Amino acid sequence: MEKVKIKEATVVYIEKPKLRNPVLIEGLPGVGNVGKLAAEHLIDEIKAKKFAEIYSNDFPPQVFVNADGTIKLVKNELYYKRTRKGKDMIILTGDFQGMSPRGQYILAEAVLDIAEEMGVDMIYTLGGYGIGMEVEKPRVIGAATHPEIVEELKKHGVIFKGEEGGGIIGASGLLLGIGMLRGFKGACLMGETSGYIVDPNSARQVIKVLTELLGIKISFARLDEKAEEVKRITDRIKSLEKSLIEKEKKEDLRYIG
Amino acid sequence: MEKVKIKEATVVYIEKPKLRNPVLIEGLPGVGNVGKLAAEHLIDEIKAKKFAEIYSNDFPPQVFVNADGTIKLVKNELYYKRTRKGKDMIILTGDFQGMSPRGQYILAEAVLDIAEEMGVDMIYTLGGYGIGMEVEKPRVIGAATHPEIVEELKKHGVIFKGEEGGGIIGASGLLLGIGMLRGFKGACLMGETSGYIVDPNSARQVIKVLTELLGIKISFARLDEKAEEVKRITDRIKSLEKSLIEKEKKEDLRYIG
Amino acid sequence: MEKVKIKEATVVYIEKPKLRNPVLIEGLPGVGNVGKLAAEHLIDEIKAKKFAEIYSNDFPPQVFVNADGTIKLVKNELYYKRTRKGKDMIILTGDFQGMSPRGQYILAEAVLDIAEEMGVDMIYTLGGYGIGMEVEKPRVIGAATHPEIVEELKKHGVIFKGEEGGGIIGASGLLLGIGMLRGFKGACLMGETSGYIVDPNSARQVIKVLTELLGIKISFARLDEKAEEVKRITDRIKSLEKSLIEKEKKEDLRYIG
Amino acid sequence: MEKVKIKEATVVYIEKPKLRNPVLIEGLPGVGNVGKLAAEHLIDEIKAKKFAEIYSNDFPPQVFVNADGTIKLVKNELYYKRTRKGKDMIILTGDFQGMSPRGQYILAEAVLDIAEEMGVDMIYTLGGYGIGMEVEKPRVIGAATHPEIVEELKKHGVIFKGEEGGGIIGASGLLLGIGMLRGFKGACLMGETSGYIVDPNSARQVIKVLTELLGIKISFARLDEKAEEVKRITDRIKSLEKSLIEKEKKEDLRYIG
């Protein structure tokens, strides 16, 4: 690898695959980590291959330590997958989003540059839609660059609020917003989530809609396992809280008695 | 639309209208949202036409969702209106002001570049003047680039504090302050407002003075409607507060009785 | 005036005076506003003349309103004064210091560029030294670029703490610290001050040492007036506090009695 | 010294020593100040010589005052030491790390540029590993760029957590993370420390492992003295706290008695 100078967005290619009409799918850390969970699950299930890394001096200045004691600089990653029928896929995921507005814009534009070069015309951005309370059956909320995509998404059960003024913050919004100005089409799929905890169950709903839209089938087993693990942990916390409250009640009674 | 790279101030033209001696009118979000309300009301009433959009990587990295489910990248907008007699108009409004001092300066200079190119020599900036309490009949407070403009504004009932040291923060101040260095004349019209709530009533006073200065007549009906709606909401809150206080008083009496 | 683009440090000259061996004196806003008060008093008393303004997009994005209703963009200012015997003077004062570290460095370097061009070799920076309590007879604390200047200052009653590790933050520190790397000599004169209130009395002590060092004589009458005014205000506050406490005591007694 | 313009990383050379295969050792301020204490102790003991200073407009805009009243601009410093057998050494220490992510990345790259030019291929970064409580016998926690270095370090008693996901923030992480991308090998040695106080005892453990790895011997006497001084201070605080608690207990008894 050559001498790398890390700017707001420095792309390091591992390979430059030729793809047919690929769609770009983005899932970066955010509300409930829904987008990142969804993107990672997709990458694992379709066995997508990493072809580029993006470093940025707008990411936190740090490395992560792997289980074997080696380190890795924080980054975003781009994967691809060729499909027999239908469109090929590019998937963006990573450790962080840019920390400043400026960095966010520059990173989004760097991704759009890659997308343009590789022939992408449709972008799906994935994220969480925080509603501030637990949700058993998360719906998928949508937004899109063009009215005809809104109509298409509605057919797949995606919900549109029909109100003016909501906002989509970060890469999921910017890739579509800047993308529109550059001629891309796209949609944002947001799984309802409490916003308090990582939410594999919400990610499952998002990825379910996405795979339907893309006409592919994948297993959700691993995401279901993660969802169950999170449920076990939250249930344990709730049960602990309950027994604590009951203990306190008993002690209160003792004082009275 | 071509490949857009969004810098601190990236201007995208829809058209480049030829105007006669236009005045520039600025109304961006700020105290009581007075400036933005005033600018938007003017745009609606005189049926001004959008001719340019300004994007900035110093705006928050986000999109807004429209009522129909489509999205739009946050931006500022420039409108124009040709008039039969008197001067043509350019009106600047938008979703946000720059988030950093640097971005604010660069955005103001980009607007002044456009103003210069289009032959503007007079700038009116509109805003709110926070006084920390409700005000029934908001006065319009002024500031200007030249003493003769101060005199002119006084004739239209604009109030000048006559004290050293007040400050005008953001675009309303910078467009005049930097503008002066570049040979523009200008004035800032600030409607008194509590600063706690959006204030269409204050915006009405500002736009009333402005239209007098420009020698045009517009309807204030829609602004009056908005003001009444805000009044209905604040009255309801006050009445709720009052009944809460009275309920508490009664309960206190019960304890005594 | 030409088309000005405001960068981190944009110098606009009114004139470019030829000076003999000038010293640079800096007094910008800071602890107790001591430096700015001292510099402004000196400018007034010696009738120094403004020759340049410095604008910066690292200053707050705002204008000030003058007593006559006109506005001025926030800035720093450079004044000069020719003297018959001894050295000419350049004085730097202004509305703000840079808001970011980067801006502070760039502004300091811009001032040093001007100083170099005008033949300055000695720099005096003026400031306050916060001690967290009222001080009746503020001493002047010093720091300097070279040991021989330390010795010289001691002869004029300037105090040196003799401890490692204190810091001088902002322009007063940077002009000397960066200045040293570029071959300037210099000293920082800091008047002791509570740090809670503007302190003309502390500024008086600083300017007294400075004028001794420069071999000039000025009146302190206006600074003494300001000091008395500040004293009147703080005395009134103290007396109000005292009567409040006594009133409370009496009321307490009533309850007991 | 020539006219210096201070950018994010401005290197000023005092000399450019020719070194044989040097290793780079970094110890900058951080958790428990462990890295800086270790680097400074090493510099003192092996009598390393300063060859370069790094200034940055991402360091705080300030100077420090020396005991003799002279000042110095905040900076990082590079030292070198030639050894008879084995590898020469370059040691990086300083007053601050960069304040922004961007500054941190640029400073790390500037250091790597120097390292590359001087023929470094192995980097040791030193730091503290905060565990939130006092630790009598601090262990040294490790991370490395390559699995074979992990194995090598284990032989010297360095602990590897064996868990995914820990992070190393700042220069100690970035020099290795960016270094890897540029072909450097390296390891981070982190001494366990409470994180509440400067910790010479932890620095001792780190420097002990490092000198073993480098095959050199140094005295730890001065570091032991510092550790004892810190212990005396913390013991005094603890004893004061204890007597305060006991005094309170007695007073409580008096009320009851």
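First chain written, first letter: the chains are A, B, C and D, and each begins at residue 1.
Going forward, a residue touches a chain if its C-beta (ideal position, glycine included) is under 8 Å from a C-beta of that chain, and two chains touch if they have at least 3 such contacts.
Predicted model, so just to flag it, every value in this text is computed and none were measured.
Colleague: Treat touching chains as neighbours: how many steps, at the fewest, connect chain A to chain C?
Modeller: Steps on the shortest route: 2.
Colleague: Looking at CA centres, what chain is most distant from chain A?
Modeller: Computed centres place C farthest from chain A.
Colleague: Same or different, please, for the chain A to chain B contact, judged on whether over half of the interface numbers appear on both copies.
Modeller: Homomeric contact, different residues on each side for the most part.
Colleague: How many angstrom lie between the CA centroids of chain C and chain D, rounded to a whole number?
Modeller: 37
Colleague: Quick one: which residues in chain A touch 2 or more of the other chains?
Modeller: Within chain A, no residue contacts more than one other chain.
Colleague: Quick check: in the complex, which residue numbers of chain B touch chain A?
Modeller: Spelled out, the residues of chain B in touch with chain A are 1, 3-6, 12, 55, 57-74, 99.
Colleague: In their complex, what parts of chain D are in touch with chain A?
Modeller: 98, 101-102, 104-106, 108-109, 116, 142-147, 150, 153, 160-171, 173-174, 176-178, 180-183, 188
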